[in-house]
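Below, chain A partners chain B and then partners chain C, in two separate complexes.
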Partner chain A sequence: MLEMYKFETNQLLEQMEQVVINSEKSNCCSQEAINEIFRIMHTIKGSSAMMLFNGISTLAHSIEDLFFYLREYKPENVDYMKLSDLVLSCTDFIKEELSKIERGVEPDGNPDESVNIIKAYLTELKGDGGGNAIQENTDEKKDEGKKQKYFITRSLSDNSEKTLYKAVIYFEEGCEMENIRAFTVMHSLKNIAQDIMCEPEDVIENEESTRFIRENGFKMQFYSDKTYEEIENILNETIFLKKLELEVVDNNDTANVNKKKPVIDLESDRSITPEAVRTEKEKEKEQANKTLLHNFISEAMVTSNPDLKGLSLDNFNKAASQLKKITGELQDIVMSIRMVPLSATFQKMHRIVRDMCKKLDKDVELEILGETTEVDKNIIENISDPLMHLIRNSLDHGIETKEERIKNGKSQKGKITLEARNEGGEVIIIVKDDGRGLNKEKILQKALDHGLIQDINREIPDREIFSMIFLPGFSTKENVTEFSGRGVGMDVVSNNIEKIGGVVNVDSIAGEGTTMTIRIPLTLAIIDGMNIRVSNSTYTIPITSIKESFRAKEEDLITDPDGNEMIMVRGDCYPIIRIHKLFNIKDSITNISEGITIMVESEMNTVCLFADELLGEQQVVVKALPQYIKKVKGIAGCTLLGEGTISLILDIAALVKMK
Partner chain B sequence: MAELLDEVELVGEDSQKDKFLTFSLGKEFYGVEIRHVMEIIGIQPITEVPELPPYIKGIINLRGKIIPVMDVRLRFRKEPHEYNDRTCIIVIDVKDISIGLIVDAVSDVLDISSQDIVPPPEINANNNNKYIKGIGKVGSGVKLLLDCEKLINDEDAQTLINIQ
Partner chain C sequence: MASVLIVDDAAFMRTSLKLMLEKNGFTVVGEADNGAAAIQKYMELNPNIVTMDITMPVLDGIEATKKIKEVDPQAKVVIVSAMGQESYVRDAVVAGAKNFIVKPFKEEHVLKVLNSL
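Our next item is the complex of A and B:
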């Protein structure tokens, strides 16, 4: 229940944030937007009250009031900036409370301050809104009173032909949640009765009502054209009903039930979110995925079973390849279920940009391209933080102040582009700004100060210089601001990206802007691999990084004085990494012309690996090395081969860097 | 019912108390607390992993789970021994880390009550004895009781991590 509540509320808040930011951008609040916010707040209010998170529900209630006013009276002179600020600060409050709930702490935040601000704002609006608003809406109670016309038509004149009933319902002792039960009763009467009035009035909002109902019963008064028996039957269906008192009242009789406020709206059942169903689905997917991986291994075990080696079984091979095809298709389908579009993550950035622009007094537009690009679910989880840091960074350090921009002949409005696209087996996410760019000299100086480089005069490629900003504690910013400058953020970025097997590249042109490119493999669970053998060990190379493999000739080999080997291929010279040397493997082929040379590429760098032989291509399920072993340089993980032996997956990016 | 369950649990816990799985390394007998032991398997093909200390022989595939294996002989700086059909891998689980221990042979599960356990002599406390938690007296012989946590979480492993 709590899970559901948290999930739903978070979803709604995100939805609402988007609506608010969109409205702010267009500087007007469409009827739909108002209705949407109203609905969201209403749902949150209801569910929070039910979960007894009163702080949240009080706040939600006051926002609801505010938007009710906006909806009803459509005041013209609304300051949407202020309104958005107000609403966003409220969503922040609710989020804060939610995170407290998540941590298992009592949500004890006091909403009074925000509520008062909202009230003040509402009064201000009303003051501006002209006389009629003041007249009718000086107090909140009346506000609510107005609302009833939305849900139940008050048509006293029609009631003359209808009978006025008075009912008192007593619930069984200990049935709990009397107020909600009472509400359900009213709900069941919605269609057949008019002008329902009840005591206590605020059944759901007021906690006291539970006690009141318990002691005095739930009193209702309503008009209906149904007969006494019909009404009685309906009311008797109430669960946990202990006693029902139903009587017909003379129309002229003064109702002893407070007439001022009929029932709170009965509309709340409209707001069921489709997203709530998703958690369950997600779990199923997770399960399906696991099963898939297992099936997948099983299939590989059958088709490359060592018992079959050397046998020529035409029919079996045919059947096996058919099976392979089917499992392949199945795998594709399941993988596609795992894929989630990036849009939700991207949309969150709007809020960050907006808030920071305000605080830093910059004018920045966030452009989002390719938000429908789909990536693996666990990538989404890991990408959100890094993206946030990158955007913050661009905004804080990259984009200049308005004055500076104008001085430099740029338009006053800065621009950050967030772009995603698929390329081969990778997703590429680009964060681009048109700010001042990175200061190469400053970075170099800093690197020198930190002892990261020894000689400032040595030629260092730009890319390498820029990538230094990802080192922990590396900030060229002199003063730490609220948003950035502590030198932590970029470290987080590179760490998180690395965790999901991606890389970050930085390109920058001074005065024109910076581009951060994140490359992430589409999926982490299964890769296409080429198995190679070195002596008795098997290794797997991701097929995407292999450029070619060939048998090198002795005479192409070049050895430099330090013993480093290189090879000339079509006029280009590449370093050779002998795997047996690197990993100290005995009894392997050492003669270059007897083994096989595999050219691999990572991030534009190319090296040649030397192994004994190629075993063949296979899709492999990536497994992490046991925790105890931690990280081994040059090994990205391991995988199980068909016959149950383990093959180590080479980390090409690390190998390339070693050279 | 609940009481009964509690009792069963108590018994379950009790039945593991003071019980040690003993194994041999050359002439000496060692014991590990039975609660750490997950299972005992025969020697398996081991995949070597580069850049590891020599006593970590590599990783094995235990029904789809990949666990590292440690040669206890090498760990205690003894002469390496050719693996044969008596060689066993004891899979232990300490603080959620699974690791296989390669030993010469597994012998028995013994009851050694706490009064029969004496602390190891102090002479070489800072040296080789650091993995020995106590010495259990069984009949006329003694069993060296291993501290599994130290065995897999000592400074060696720490420095190993630091290097990388």
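Our next item is the complex of A and C:
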């Protein structure tokens, strides 16, 4: 339950943040937006109260009240800037509390300060402007109140045939909303009773009535042609009834028949089940189970037994292919559970841009493209921080101040584009700004100061220079701002991205902007692989990067003076990487026409790999190389094959870069 | 045992109510996250009891209660409301709701109300 609460509340907060920021942009708050915020806060209030997180509940309640006022009275003097600041600061508070809950700490934040600010603001709104609206509305309310009481003041009919009853109803303590309960009782009598009079008279509108009923009971007097027993039965059906006093009042006051029949004590013993809060350990266990299940399914999917190879077992094969189909579907479902769209992560950036623009007095528009792109769940978890950092960096260092932009002939409004798309088996996320670009000289100077390079005159490709900003302790910005520029961070960015198997590249044109490109594998769990054999070793190539495979002819082979081999395919020349040479494998096929040549592509570059033979296509579970094996160039990870041997997964991107 | 349709726009609320009810022998036959869906589900599932939130998107709980009562005057609708919504609860009672539960609800309260129907 706690998981669900956290999930839903977080989702609602993000949704609300979005609404607030959109409203702020258009500098107004549409009726739908107000309704939505009201509803979200109402829900959070309710859920939090259920979970006994009173701080959150109280704060949500006060925002709810504020938006209730906005919704009902539509005041005109609303400062939307202030309003969104207020609401956003409250979402921050709730988020903070949620993260405390996440860490297993008691959410003990005190919302009083925020609540008081909201209350003060509400009073301010009520105080000036919208006065008319209030007046109108209270009138309306009064009318409504009268209208609702129609059955109570039904015209005095001929009551001579009827009996006058007097009833006092006491409700159980703690049943809450006694006034409505009283109203419900009256409502249940409306068809059988006339001229109902009650005390307190104004059950709903008067706030005092609840207290009165609690203390003195709810008193009614009415005429009815039903018998005492019938009336008693109806009233006894009242839920949370503690005590009912019902008596018949003689019309003529002659025979004072006092059929007082009190005390029907319905109070039963109470058993309050305490809110079961799950312990941290249980959660962990559940998480572990989930992971285990997933790995298990992955393994089941791809493991095939070599003993069965070459046997003709028609029925078995039929059954096996049926099973394969079913497990395939199962796998798809499991994988789809893991796939989550990037939209939530991307939408979060709006808030960051908004806050920073305000603080830095810059005008920046955030454009989001391809937010529906789906990636593996654990990628989402790891990508949020680096993205946030890149955006902050772009805003802080990339985009110039308003004045500077105008001076440079740019529009005053800067632009940051956040884009995601699928490309092959990878997801590409691009953070692009139209700011001043990276300063090559400054980076070089800094690198020299830090001893990262020895010779400034040596020619270094731009990309290499730019990627230096990801080195630890590197910052070219002299002034440290609140948001970025401490030089910790950019290295965290690249570390985080590398952790999920991704790479980050920087391109920059001075005066025109910077583009950061993050490439991450779509999923970390399973890939379609082509197994190849080189001597006794097996390697796996991700199918998505294979363009074609063929047996090359010796006459197509070209060797340049340095001994680099190339192959001519349909008039184009491609470099050849012999895997046996790359990994020093003995006893493999060396004659190009006897082995197999596989053309692979990465980032628009193509190379040909040379191996002994293709073993076949198979889905493999990707496992990282163990910690004690230092990063091997050209290997992305490893996998277990059906017969239990290890196959190394080739890192095509790295291989392409070698050439 | 009685079949229940739970209507609330918050999944958390639906689940906590569902767990509570199922533990006590009720059969939760369906859930709806707004008033319009509730009406549809009611006609489809014809449950014994409906628990109805008030503040919901598309169609609020009071309107939904009215519509359900139109379709089936015998329908038993229980309003699930928060403190501070008294006047809405009153409207819902006029609209035909049998009773109401106050959020945050206690198990004994919920059971008492539902068992009384």
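Everything below uses one rule, namely that the second predicted complex is superposed on the first by the 337 of 659 C-alpha atoms of A that agree within 3 Å, B and C clash if a C-alpha of one lies under 4 Å from a C-alpha of the other, contacts with A are read in each partner's own complex, and residues count from 1 in each chain.
Throughout what follows, a residue touches a chain if its C-beta (ideal position, glycine included) is under 8 Å from a C-beta of that chain, and two chains touch if they have at least 3 such contacts.
The structure displayed is predicted, hence computed values, not measured ones.
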First, second, both or neither for A:L648, with chain B first and chain C second: first
Which superposed partner A:K74 touches (first chain B, second chain C, both, neither): neither
Partner chain in contact with A:R39 - chain B first, chain C second, else both or neither: second
Which of chain B and chain C A:N179 touches, first, second, both or neither: second
Chain B versus chain C as contact partner of A:M4, first or second or both or neither: second
Residue contacts on chain A - larger count, chain B or chain C: C
Partner chain(s) touched by A:A49 [first = chain B, second = chain C, both, neither]: second
Which superposed partner A:I629 touches (first chain B, second chain C, both, neither): first
Residue ranges of chain A touching chain C (in the complex, touch as defined): 1, 4-5, 8-9, 36, 38-39, 42-43, 45-47, 49-50, 52, 61, 65, 148, 175-177, 179-180, 183-184, 187, 204-205, 237, 239-240, 270-273
Residues of chain A touching chain B in the complex: 294, 297, 537-538, 582-585, 623, 625-635, 638, 640, 644-648
Chain A partner contacts - residues on chain C that touch it in the complex: 9-13, 15-16, 19, 55-57, 81-84, 86-87, 89-91, 93-94, 99-100, 102-109, 112-113, 116
Residues on chain B engaged by chain A in the complex (per definition of touch): 45, 47-52, 56, 59-61, 64, 66-68, 97-99, 152, 157, 160-161, 164
